[in-house]
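Heads up, the thing below is written out as structure tokens.
To keep things simple, chains are lettered A, B, C and D as they appear, and every chain counts its residues starting from 1.
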């Protein structure tokens, strides 16, 4: 028997891997239901490659993904699997797939997960389709990643609250958001909350300009100022920036908040649910059409496929226009 | 004295017009601060063309837009102005601008507001730049409008709550969202909440297919079903659809919720704040660069200018791919 | 073997019945885990008395209530069961309990559910403990009910959004909240959103005073006004009130929003989760201590037991002080 | 002319002092409007005692408190004023009141602010009424304080998000919430999020029991565990607790999040808006009735007055019942 699209693929597996991001459940749901619609059997693999290695794999039906589209986290859980880095580990993982007849995989995760998939596929000739699930949005081959929109809105809502108390006290607040290599969350949430300064890994920080601005405000007795900082900016995060500020403006009332893991959880936004649904859908279609080892991305609102080994973390250039707008709008 | 960009423009006005949408305040803020940055004097005009007609106009400084980026509604208020439809009314409005030396306008609103601006500009040669503020997103010349992302997330969060009680009772819920001419809010919020059926103005509703689906579920004693309806769909909204469903399935427990005006308010999402900030910024740049009577839009993530008289409501085609995904994912 | 508290009770059942309310899942969780802690076997009964009648009953362990404390709705679902009104139906229901050895019941629901429990207990001598789960808060024997705090906050957040657009347009908004017999949701949400008028079942509506107030505002060209209406107020809800207002002030821009079922769903507030956890805990303790046919309530922050047949809907008096505060604070 | 209640008081001042809390704006609004209703002139004093000392005082009308009931922070701002600790400072502050004829004060703040008020009143015989605005809820003379309910719900929503990612990864999370002297926020938010362990200043922490529990879970390969910690617990906060856990369970994946200042801001909950509205109302009534130097509190849902010098921070006893419930429900 062939599936609806005419291919011979009959069984596929789906897993989430690496850091979790809101919307992963919506992607799982889309993979499962699109697979079932096309007559496939779909297996859930628990805790990423770990479950593949440990044979923690189960058959999913439509109900197993009911009522999860709105939930943060991932029902398949995620982990980093040391064993999968070793040939032995991948061999065992493959055997667990083989004994069930699983002939294709959808991997929801980040670039590290895709590298693993590429290697695995090279060795065992099993087609792998990547779906970019990461809050950082710094992937080549796609302009959107599952979880970014939710993470950035979580950050915005948190910073809005901080602004209430900042304004009540006339304080300097330094808020650290996620982004070890990429400043998107900082940039977007900073502009959206009217931050006076935004420090990101992509650009050199002109600390003297910042200190100068703060000093001017202090002279005018009106030192209220919001600085949004990506964890990967050059000083090393909010605490380090605060040290500098406190040293240079010893009388300033400087407070630090590190938003941390709240940015990874929560019910996904509409956008993230849609993106995840689309990507999950096209991931299964890709397998059925015989695509191999590509990541499903979106560029200019259109589905775009990138070879998995090109779907790496990419430090996009942040246009100078952006930084100029930050400066003008916060002034 | 010339302004920073080298032109001779010295004074501009900004107004919000038509139905309000979340993010309008962020756009006002961007217009005011970008104007001030370039050495312009910026006037706020209250209640759209009404304030222009009634001379309710005031000079704005940076502080007058402090702490508004996160607020729903519009600090300039909005209204529909009958007098502005008449030549007499526009004459009086122009005189109110002239006596202050206002030589350019930024109009934040929808297609009706832009038509008024075009007419006004034709008569009095005052450059007008449109910024699309409407939750419906159905404008030619732009893929995004200020307020859509917030409205659709508000709808999603409301429908998530309804799903809780729907699932607890095994009921049929018909939820009406805004969209008199466009089904975007219904389509996006429906997919994002896993709606079984989505009824929109852009496509013909196959009511028999819906009834058939419900009847099948009723036979299996499992009649829980979410139908999301745009107010402008062919039956005339949720109450009308409910009549049909109740008639055909008299034993079903059918409930209706009309989300209504909650979709217009609320703190804007990150996306709407960013879009509004960008568009407001480019609206002022446009005036300074001598552009006339265009709307600032975004297509493929790039700023795009459309003549105001082309920036009309446009019924986009909803791809069949979308409706297929709805069907597959909700099954 | 006896359980930890020394009694001979070994198996209990838990069900949710009547209209659902946010926090019911937290109560189920508390009942199950408290029961397990005391060495009991705890059975979940699906869809209230319907599942008892149809023998849809299953044994629950600690994991079956994991990760539900934050969820709206009820994992046990709820329904109204006609058969349970008949002696035959109750007989069958009892037999389903008996064959499993279930000797005590926790009923999470409203006064109708408690009357059913009382009758059942009278006939079959099975102790029933009631836990008040209703968003309306109008029960004798308790000052708090599970779901009220969430419902009222949902209403407040929705009305906040409506206020944004109301203020932008200078409109009269009439917002209907739930409360067929009780005005608590209207009263609390109305005060909290600064409503000018609040119409509730407990007090006579002075419509002439309202019309007078609106007329005065209209004269001053400043007719923006929020009226919050309980569905059970004397005119019959928001649409009926709107008819009167439109008739008397034909030029006013009057809009109606009926919040509807969004008030029943959503993640419960901290308060509702706590109240549910406490009540569920004390419900099981009560069974173990040999209490019979009482509702667990809270009065003056202390647990309070009321015989089930006294735990009826009660129209509390709303102090005149309250209505005076509404008037003063909205002026 | 006498005011409506018949006294001779004509002018009062209102200020917010100490740490800000959500709902302070609702209290200011209630004070202003209740004062105006009774024919008083009401002055806003900026930045607490600082504005009193620096003569930053302005007359307020009804519109100056329009549309603030839903906002976090305080429009009157807050600060700590060194000068007010000195007799000279208080003298100057008094003169600023005297020259305007201000004869009564409403102080919205915490115990430190009340001590200042008491001293000031002793010296200058100006009646002061305290309104408890603090998220910590640890005041003698009242069971509720403005801001607690909002802070605890903010904490709950943040921890819910953290739980998503905790569950996805099977991690140990240690979340620090506010509460230097009091564990209410930790206790309530911990129970509401199903925390396995809650560490608060009021009780001795049995760290060995916690380590034992974690070790047991680790043995079962299922080490997912949420620990909620008040900043003032005996180990010194989340980072310190994490050190101990990491030392004792070196293989565990332990993460720390310090929620920080997000707990101080945000739109107040319905409860906090109501409490603030009531307390503000009764504060003005108290002044009119000739009460002096009391704090308006609520005990058993009734207004309760406590002399300002008795309205101190109070470490309430946390019943053993509570800690037992934590243990049972999280198991």
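Criterion: a residue touches a chain if its C-beta (ideal position, glycine included) is under 8 Å from a C-beta of that chain, and two chains touch if they have at least 3 such contacts.
This one's a predicted model, so the numbers in the text were calculated from it and none came from an experiment.
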Of all chains, the one whose CA centroid lies most distant from that of chain B is D
Per the C-alpha centroid definition, the whole-Å distance linking chain A and chain D comes out as 36
Rounded Å distance, chain B centre to chain D centre (Cα mean): 39
How many angstrom lie between the CA centroids of chain A and chain B, rounded to a whole number? 29
If a residue has to touch 2 or more other chains to count, which residues of chain D qualify? 160, 163, 167
Listing of all chain pairs that touch each other, if any do: A-B, A-D, B-C, C-D
Which residues of chain C touch chain B once you look at their complex with the stated criterion? 16, 20, 22, 24, 47, 71-74, 77-79, 154, 158, 160-170, 173, 255-266
For the complex, which residues does chain B have touching chain A? 29-30, 33-34, 36-37, 62, 67, 69-70, 143, 149, 152-153, 155-157, 160, 163, 167, 188-189, 191-194, 267, 269-271, 273-274, 277-278, 281, 300-301, 325, 328-329, 331
